[in-house]
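Labels A, B and C are assigned to the chains in the order they are written; within every chain, residues are numbered from 1.
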Amino acid sequence: MLTLADVHTHYAKSHILHGISLEVQAGEVVGLLGRNGVGKSTTLKSIMGLVRPSQGRITFEGRDITGLAPHKVAHLGIAYVPEDRRIFKLLTVMENLRTGLDRSGVTETRRKALLDKIYESFPVLGERKDQLGGTLSGGEQQMLAIARAMMLEPKIILLDEPTEGLMPRMVSQIRDIIARLNGDRVAILLVEQDVGLTLGASSRCYIMEKGLIRHHAPSADLKANPSVIHQYMGV
Amino acid sequence: MASQTSGKFWIIFLTVVAALALVPLGLPEFWRKFLTEILIWGLLAMSSDILIGYTGMVSFGHSAFFGLGLYGAAAALLMLRSPNLWIALAVGLAAAALVAVFVAYFATRLRDIYFAITTLVFSQIFYVIIFTWTEVTGGENGLYFSQPPFALPGIFSVRFSTVTLHWFVLAVVALSYLALRRITQSPFGMVLQSIRENEPRTRAIGYHVERYKIVAVLLSGVFAGLSGTLYAIQHRFAAPDFVFFTVSGEVVIFNVMGGMGTLVGPVVGAAFFLLLREGLSRFWAEYYLIPLGIAFTLMVIFMPQGLLGFLKRRVNQ
Amino acid sequence: MLEQILVQTVNGLVNGMVLALVASGLTLIFGIMDVVNFAHGDLVMLGGFTGAVTVAQTGNFWLGLLVASVTIAAFGALLQITTLRPLIGRDPLTTIIATFGISLVLQKYALWQFGPTAQNIPQPIPGQFSLFYLQYPWYRLGAAVMAGAIIGALYLFLRYGKYGIWIRATTQDRVMAGAMGIPVPLVHTAVFAIGSAMAAASGVLFAPLAAVTQNMGFDFTLRAFIVVVVGGMGNLGGSILAALFISLLEAYASLVVSPSQAVIVSFVALILTLLFRPTGLFVPTPK
């Protein structure tokens, strides 16, 4: 469904991605592991159109989306949950959700159904729906960021380090959300530092190092052979 | 290698100066004066380039320096029984320097857009004061005064003719150019450019960015004041119009069109603009500003290095 | 003496409301796309002329207001698409210089299109009432009320409704707004159009009070800049308060000095704000 072929991306004058090739099939959870600074976030940003690749191709459902403007990428069915959450701090929780919900073609009943589903998965958002996003705790903001992406009813969600800085209780909530999304046939490209979570949630993983994919294997194999992980991540 | 290009520079420079000195001899009176004026505005443009082009600080208030130089010289020429060229220059420069001190203070506290707006407001303050303080400045009607002779007291005194005044202005502007060129190519000038490129980094390396900015503003202001003083000497007339924003705006146009950060570029920009205005306004009156304004805007967007831009960067090096 | 102060208070508030209308457009535009629109005052001027021409031909003030706002909104959108879109992401200094160029063109265009004579619009609300020792035109109050109504409408639009959310989200984080499917380039153009419409409307509201001249734009731009900086750039509520504040200061100052000198007060206010509370007088100090 989503394919990256030999993608090179520059950020200012630095050459970050040196030819990334990966793919995500419909409904799959795919992990992207690697140490800090290897270019995992830049990969997601390249897909989303937030940075423009200098070389290579990104294809989604057969359509070339390389360098496409972010809002058009979103309309095609790709949602993005960035590393620093980046919820709209001066908008209420409800308004944050509406940035994804207020699309054309969404009937009143669908709206209600989507909202109910979100409030069920994230009850705290329902409680705080008229509060400003900036007043939420870190974990709540992460929930909101994911919920907001879900409002787009995307075919794939690009999740960038969702468990960073979260308490263990919230981490397991994230784990549940990922499982639930997987159950709803939403594909996920998961960038994470938490190796255990990633291996548990995904069916296969790519490992990146210095802007390149160095290894690619089913998660089960990686779980069985942790030495590979140690080699690339020093963990 | 360095002395070769330096030799080449001197040849070109002296040729240009000689040409500028000789050309008026063959021109009708109006164009002689016009050429002198181009030099004066060119000096103003150069002074502004120190800030905009080299330090990266856009000033919308150069009319204040120019105007204070103008009115300062006017004051000196009006108040002395026998008008003295050197005192006029000194007073004009002092007045401009005083204003520059104020602006320098702001320069260290404000950045970018806020500095630009403040310089604009600041020069408007002077405009309002000069416009309304009619008893001292003559208000709207301006001040008329006489042209001082070229004199060394007690030794000789010669009245300026159009041509000799032109040579005097040319000498002042040429010397100013050499001085500014020397400064911008010195380590000091390099630091200024480093501030323009990346201020936090320059600060991190250990430079007192504030001090450099202060000196840059003082330099810019003094040379701008010098151009105002020369204008006073040439035209024997001072008016609030010269302190109004239009002058500041035109200076920015000279800088952008000619090429920022090149010193020569703004002079060429000034010449280009003034010649164009003179030529086009015969056919189109004020409407010449429509195509010019469009060209200017397009240059800001698509050609920020200006007409001469990177070409001239090589001559200066 | 007290009466004079009260009269000037009314004057200050009336002028302040019209100025607030101009400044809110400017601050809205800056907040969302970092464009400091040097040509904003010229949009006021063009709005005034367009309105004057419409009123002269149809005799209807409200039609003039509508036509001017819509025309200049469309014009602003065109301007943004052609000259400002390439500048997105460049620093505000470049945009101020570029819009300065545009300002020159607009002024001379107005001269060409509307001629050199000043134009007037007759007051749509005739008559005067006694305000202490003065005969005060009803229209002045009317203009202030209308300006307030337009600003109020803008506030409601931003606060509620899908497009208001789009605009506010894009203002806060244009990258993330795009990632959420909000068509950011379109939002930018729309906001510039709205800002231009507000400028044009203030031109029409202002015209019956004084004549519309080809070079009145600079004064408006300068005032609007001062208001926007004192109010906090991008801060809508702040610029309204700042507009009232600055206008009141000037009104009181004109009791002591001549009106052309009173303007220095607002200059000083700007400089003091930048020196001591650079984020804006009416903005809570950032942590």
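The rule is short, and it goes like this: a contact is a pair of C-beta atoms (placed from the backbone, for glycine too) under 8 Å apart; a residue touches a chain by one contact, two chains touch by 3 or more.
Keep in mind that what you see is a predicted model, and the values were worked out from it rather than measured.
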item: Topology of the chain contact graph, where touching chains are joined (line, ring, star, complete, other); value: line
item: Per Cα centroids, the chain farthest from subunit B; value: A
item: Innermost chain, taking as reference the mean of every protein Cα atom displayed; value: C
item: Geometric centre distance via CA averages, subunit B-subunit A, whole Å; value: 56
item: Approximate Å spacing (C-alpha centroids) for the pair subunit A, subunit C; value: 42
item: Geometric centre distance via CA averages, subunit C-subunit B, whole Å; value: 33
item: Parts of subunit C lying in touch with subunit A, wherever the complex brings them together; value: 162, 165-166, 168-169, 172-173, 175-185
item: Contact set on subunit A toward subunit C in their complex; value: 48-50, 69-71, 73-75, 79-80, 82, 86, 88-91, 95, 98-100, 102-103, 148, 152
item: Of subunit C, residues touching subunit B in the complex; value: 36, 83, 86-87, 91-94, 96-98, 100-105, 107-109, 111-112, 218, 222, 225-226, 229, 258, 260-261, 263-264, 267-268, 270-271, 274-275, 278
item: Complex contacts: residues of subunit B adjacent to subunit C; value: 58, 106, 109-110, 112-114, 116-118, 120-122, 124-125, 128-129, 131-132, 245, 249, 252-253, 256, 286-287, 289-290, 292-294, 296-297, 300-302, 304
